[in-house]
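Here's a structure for you.
Chain lettering (A, B, C and D) follows the sequence in which the chains are written, and residue indices restart at 1 in each chain.
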Amino acid sequence: MKARYGMVIDLDRCTGCGSCMMACAAENNVPSLPQASARTGLTPMLVRRVSNGGEGTARREVFIPIMCMHCEHDTPCVKVCPQQAVEVDKATGIVMQMPQRCLGCRYCMTACPYHARYFNWWDPSWPTGMEKSLNPGVAVRMRGVVEKCNLCHARLHSAQAKAAAAGRREIDSADYVPACVESCPTAAIRFGNLADQNDPAAQEARSPEAFRLLARIGTEPKVYYKSKEAWVRALAESNSGPPSVIERAEAHNG
Amino acid sequence: MKISRRDLLVWSAGAAAGLIVTPVPWKLLDDTSIWSQNWPWIPQPVRGPIEVKQTSCTLCPKGCGMKVKMAAGWPVGVAGLGSHPISRGALCPLGFGVHQLNWHPQRLRFVRHGSQISSWNDAGAAFAKACNEGPVVVIEGYPGRAASSVLETFSQKQNGSYRVVLGSETRALEAYEAWSGVPTSSLAYDLESAKTIVSFGAPLLDGWGTPGQFTRLWAERAAGKTNPQLRLIQLEATLSRTAARAWQWTSIPVGSESGLAAGVARVLLEERLVAAHGPMPSLTLAEAAAQTGLSTEVLRDLARTIASQTPAVAIASDDNPAVAALNVVLGSVGARGGIVRRSKRTQHYISADAELPSARALLVDASVPWDFVPKTNAEVFRFAAWDGGSSKADWLLPSPGFLEETNDIPSTPTSAIETYAVSPALTKAPHEVQSAAQFLCSLDPTFTTAEKIIHSRCEELFRARIGALQAQERTPVAKFDSAQKIDEQLSKGAIWTGGPGIPGFKCVLKEWPSVNPSDSENSSTIWPAPVLPPLATKLYRESSLREASEMRNA
Amino acid sequence: MSRTTLTFGFGLAMALLVGWVAFPRALYTQKQQPLEFRHKTHAEKSGVAECNECHAVREDGAFAGIPSMEKCATCHSERIGESKAEAVLVDNFIKPGHETPWLVYARQPANVWFSHAIHLKRAALACTECHSTYGESDQVRAYEVNRISGYSRDIWGHSISRLRRAPHEGMKMSDCEDCHARRNVEVGCLGCHE
Amino acid sequence: MASGALTDSSLTDRKWIARGEERTSLPRFLLWLTPWAALLAVGVYAAGLCLDFGLNQTNMDNRFAFGLWIFLDLGVIALGAGAFFTGFLVYILKRAELKPILNTAVVVGFICYSGAVAILMIDVGQPLRAWFTFWHPNTHSMLTEVTFCISCYLLVLCLEYIPILLRNRQLRKLPSFLVFEHQLHKLVPVLAGVGTLLSFFHQGSLGGLYGVLRGRPFAFRDGVFIWPSTFFLFILSAIATGPSFLMLVAATVEKVTRRRLMPADLFRRLGFISGLLLAIYVAAKSIDTLIWLNFTSPSAGFAPWQYYTHKPFGTPILFTEIVLFGLLPAFLLTYRKTAARRAWLLSAAALACAGVLLNRFVLTVQTLAVPTLAFDEFLQYTPSWQEVASFSGVIAYGVIVYSLSYRYLPLFTPAKGESNHVSGN
């Protein structure tokens, strides 16, 4: 059966604690390089702090976890990669980045509107001995290649191996839960198979409070967000963004 | 014959033509690209069988349940343990990187005396000498463990004193001890049954208490609901993480918490919104309004809202008698959904903040947060696994890091449910490290080691036959036929769960505590280590998640 | 024949010689295994019949690979026979409890994910499909490693041209792809990569 | 024979310079080369740093994944378009009067393309695996099209360069080379055809490179057939400015060597071609911009005014690109009165070149600077010295190659060998 893995992130539940970022980085052997900055670091899962632009008590804030949106249709990065280092997996719908095939041209990074792709600007390295704490299921990426969220593919691997050892064809969905989902202390991230109508995630994705970032670009991202606050839902559209942005724009125009 | 330039050209043309039809260019092309995919200088993870062990985190007194992924004997990943009754599968953000802490560049690997490297023998000798010359004060930050009782009995034997550094959450409960006689360390919040929680700047959604304990509760009963079963009212100067998600956020100037508490209490009493449990605050409503910068009407509304959905409990971010008094007025002390006491009665601890007696030596356990600086001129023996720099210690003694020694985890502060767990040494410690308890036992062989104490505690459990062990499934203690079995289960990561918190103890408040407007500095969690997991340091630097000011020890 | 043709031919011949004879020798270097081991003898003497009696798949689906020293110690706790290899095994490895640093012929690089569980249980492939009849071998052959890529030579296969190679020769990605194509099993990149 | 020339060339390289050509003395020539050689050396060093330590040597980051180098690549390839276009005019459209500029065109083209490819090799994170594009090509990717066409066209340029090379006085002496050259010469019209085809595609694909970026509505354009409009705009702008650039090069050479190398009317003719095409380009570009502002961008949920709210990328940049660097030069180049004045002609050509460069800059750098998500911030980027150094290294390389070619090869002398230079001082 063909799965379409995706997520629904309830922003009303996200307290911006950063557990998902930590769990993601640890699971995927992301190096902690002192020379990296906010613009050159690797954060496959990144929680953005966004305000409504208000001041004092009028101020509202929301935390938005940003990772690869696993676009389903006309996937920007897949289309541009010159040597098929990215593909949408037929069986799972996961947008797969292949560091070993990548030549580091970074064309995919310019193509991604979510800035969810990261380049390995440095050789990976850890303090002496710390390589013993690396996750054996995930290969360390070399310098000069692009990487991003592969939906904790190592966990899918072990789920498949486990299923095979038990003589099952299908994996047990309990065995495949991405690190960020598992780590969330408020269970704000719901992960599931969007192709399965009965899947709780698929149902939440259909709720009127659900939305997707930049949906109008038409790439059909499989990561949904959810909020009961209108101003948050408005963030989906670029130009109806936080007042701050709009004000700047209008100030310039008139 | 003479070889002309032309010959050379022709020859090389031939060679070139030939080389094309040999494997040379093609194989080299292939191999160099493969080489670039496996550069020898890229660090490789360990190979070996993977097994997942259950345990509890010992880095702070909250003792969250943990699943630790081990490969070839090394921890290679951690996750929350869903079956843990308190943490319920959650960890603090830092928790997900703790398995890297043992490799932190600032890991202490040598005994340090002043600035130069020394040895355990010298440290032992110096300490023994000090013990003979005068009383020794022992300070620790994680009371109730087997190791703690080693430290405590030692300090008694030395007719010294045993002091404890308590977390802000526990300090917030200190006021009740005086009014009810129940020791602070056995007081806790019964949040599970609370309907309204009034937080006076307590970071409830940002590491307060055991991370999972409240966040899970909030997620189930409050998050994103317009009319939640559990109302979280945040009274805080700035739009903190908790304020950002609270059901209601009221901004008040820093330090005006006591005034606000008094104001709210006055309204509650004046308007008979609650059955009077306590005295009328001296502060008038107008004064309260002036202090908090809110209108009297806002204060009235706040009080009404609080009273409209009970049980309601007020939580201070730190020791704050006024907020405690508000709870008395609300009648939530010793009541369900308010402040309750744990079934097991623990003793009274003397806080390390209190004036230290004149001592010859001071032994500071690794569980004491690094930034705690004792005001003393005694000789300081500081145990720590990581070096935070600029320590006030004369002796810096390397102690075991994460999962490197067997420890036990007593009930966590703020949680009403009684628990007991053991975190066995899953990975081998560097040979040169020693915990304070081990150090003391090595000095005096007559001492009972922490391991022995843990076992005797298992026997207590076995004899008491109360509660149940939560492993894969729940087994009542009564079902076990030997203490040994309990010990085994615990060291496999099972958690003993006792009864829930007990309400119905008397709490008498004669007059309203004097309001001191200069209180409240938020320290969200006790993180004893002076360093953060390298990944946390990285992520704080590479994202706008937390401001630099929020970054502790990083 | 003109001088031009001769010089050209000379260059051509030299290139061919270097490319087909000297280069392959220079590219690979040989390493000796730390121990002598005879699959054949173990099959005959100790009655080990199935590969998975020593090379088993764990229940979590991971492959145990080469058995640990404990396994060997069950029989070789003390010397059996007087051979030098036996002495080395018992004295250098079993007694001090060191694992043998075998050089694994079929070791893929870290970025490859291969599940024996899936290939053995789901696809029901025989070990010999990839490992040929090495399980019946009577000695450990030398381990050849590519000086540039650091791979075992078994990955590329022994034939440098890869043109005329034995059915089980070669464990390059293309070999995996061929087999998958033959059995029309479709997997994405990360189906086999980490 | 030639070895003789080698021995005494320590004093003079007269024997290597074509008969009847006057060139400055060897020492003066070397003196002229020294600063450029130094610059090239620095460039090579910087490039070495990038290859050895990786791209952390640059100031690029995850948002500015493309930087100065991509701008350079697109820029020089646009300017190098003169090569294929002149070839096209001469051999396909049989405009023989353009012959004198042809060799320069080829050399300039060769320099631009080899330079661009060299920079690309530094710009990618894993040069050793760059060949994967040929082995596992993704046929849907514009970059694949670009890679194939550029590498093939570079080959073509080499083949076009060789005959010029072989017309060196000494090399001519080798009989087999002479034969080879004549064979190649027969081939040149074919090469011109092939080159035209290849260039048409890669110039277009370079435009497509950004036009297809659905995720970057600032760059995304609706398609004409299977290509976004930028595909055709790039071809147009390239062939429009190619001749202008050749004029500038020729003029500079004349200034440096204090010689008249080309008949003045050839300048005017080149200018006219350039101006005419530029006019067409400006018209097309304006229409495209209007469509984009009113339909393409809004339909993706992006109000066009957003793009121009960020200093320094305000609307002025759009005006400059289309009017100042487009319409104006087009007029100056085509209007008889201004075209007659060399000064006007050349400054107009310069404006045109500036225009195409600005266009490439806007599409590469501004596209990345403009936020996409509602809560993105506008970012800025300044190249590191390594980037600038390798950039200028390429320019130095160009100057050196051209100087050598000019000195030792009869660049401005048509094949017949009649010298067409009015002897200066």
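Note that a contact is a pair of C-beta atoms (placed from the backbone, for glycine too) under 8 Å apart; a residue touches a chain by one contact, two chains touch by 3 or more.
It should be emphasised that the depicted structure is a prediction, and the values quoted were computed from it without experimental measurement.
A.B. asks: Going by the touch criterion at the top, tell me which pair is linked by more C-beta contacts: A-B or B-C.
C.D. replies: A-B
A.B. asks: Measuring centre to centre with CA averages, how many angstrom lie between subunit A and subunit B?
C.D. replies: Comparing mean C-alpha positions, subunit B is 29 Å from subunit A.
A.B. asks: With centres defined as the mean C-alpha position, give me the subunit B-subunit C separation in Å.
C.D. replies: A distance of 49 Å separates the two centres.
A.B. asks: So how far apart, in whole Å, are subunit C and subunit D when each is placed at the average of its C-alpha atoms?
C.D. replies: Subunit C and subunit D have C-alpha centres separated by 52 Å.
A.B. asks: Based only on mean CA positions, could you tell me how far subunit A sits from subunit D in angstrom?
C.D. replies: That pair's centroid distance is 40 Å.
A.B. asks: Give the residues of subunit D touching no fewer than two other chains, as numbers and ranges.
C.D. replies: Where subunit D meets two or more other chains at a single residue, that happens at 126, 129, 132.
A.B. asks: Which subunit C residues reach two or more other chains?
C.D. replies: 58, 60, 62, 110-111
A.B. asks: Give the residues of subunit A touching no fewer than two other chains, as numbers and ranges.
C.D. replies: 37, 41, 48, 100-101, 123, 138, 140, 142-143
A.B. asks: Which two-chain combinations qualify as touching?
C.D. replies: Every pair of chains in contact is listed here: A-B, A-C, A-D, B-C, B-D.
A.B. asks: If we count contacts the way the header does, which residues on subunit C are in touch with subunit A in the complex?
C.D. replies: Its residues touching subunit A are 57-62, 110-111, 113, 115, 117-118, 121-122, 186-191, 193-194.
A.B. asks: Any idea which subunit D residues touch subunit B in the complex?
C.D. replies: 2-3, 126, 128-129, 131-132, 174, 176
A.B. asks: For the complex, give me every residue of subunit A touching subunit C.
C.D. replies: 85, 87, 89-92, 94, 96, 98-101, 137-140, 150, 153-154, 157-158, 160-167, 169
A.B. asks: Going by the contact rule at the top, pick out the subunit A residues touching subunit D in the complex.
C.D. replies: Answer in residue numbers: 35, 37, 39-41, 48, 50, 64, 66, 74, 76, 79-84, 101-107, 109-115, 117-123, 142-146, 213-219, 234-242, 245, 248-249, 252-253.
A.B. asks: Any idea which subunit D residues touch subunit A in the complex?
C.D. replies: Those in contact with subunit A are residues 54-56, 61-63, 65-66, 123-127, 129-130, 132-133, 135-138, 140-144, 147, 209-210, 212-217, 299-303, 305-306, 308-309, 314, 367-368, 371-376, 379.
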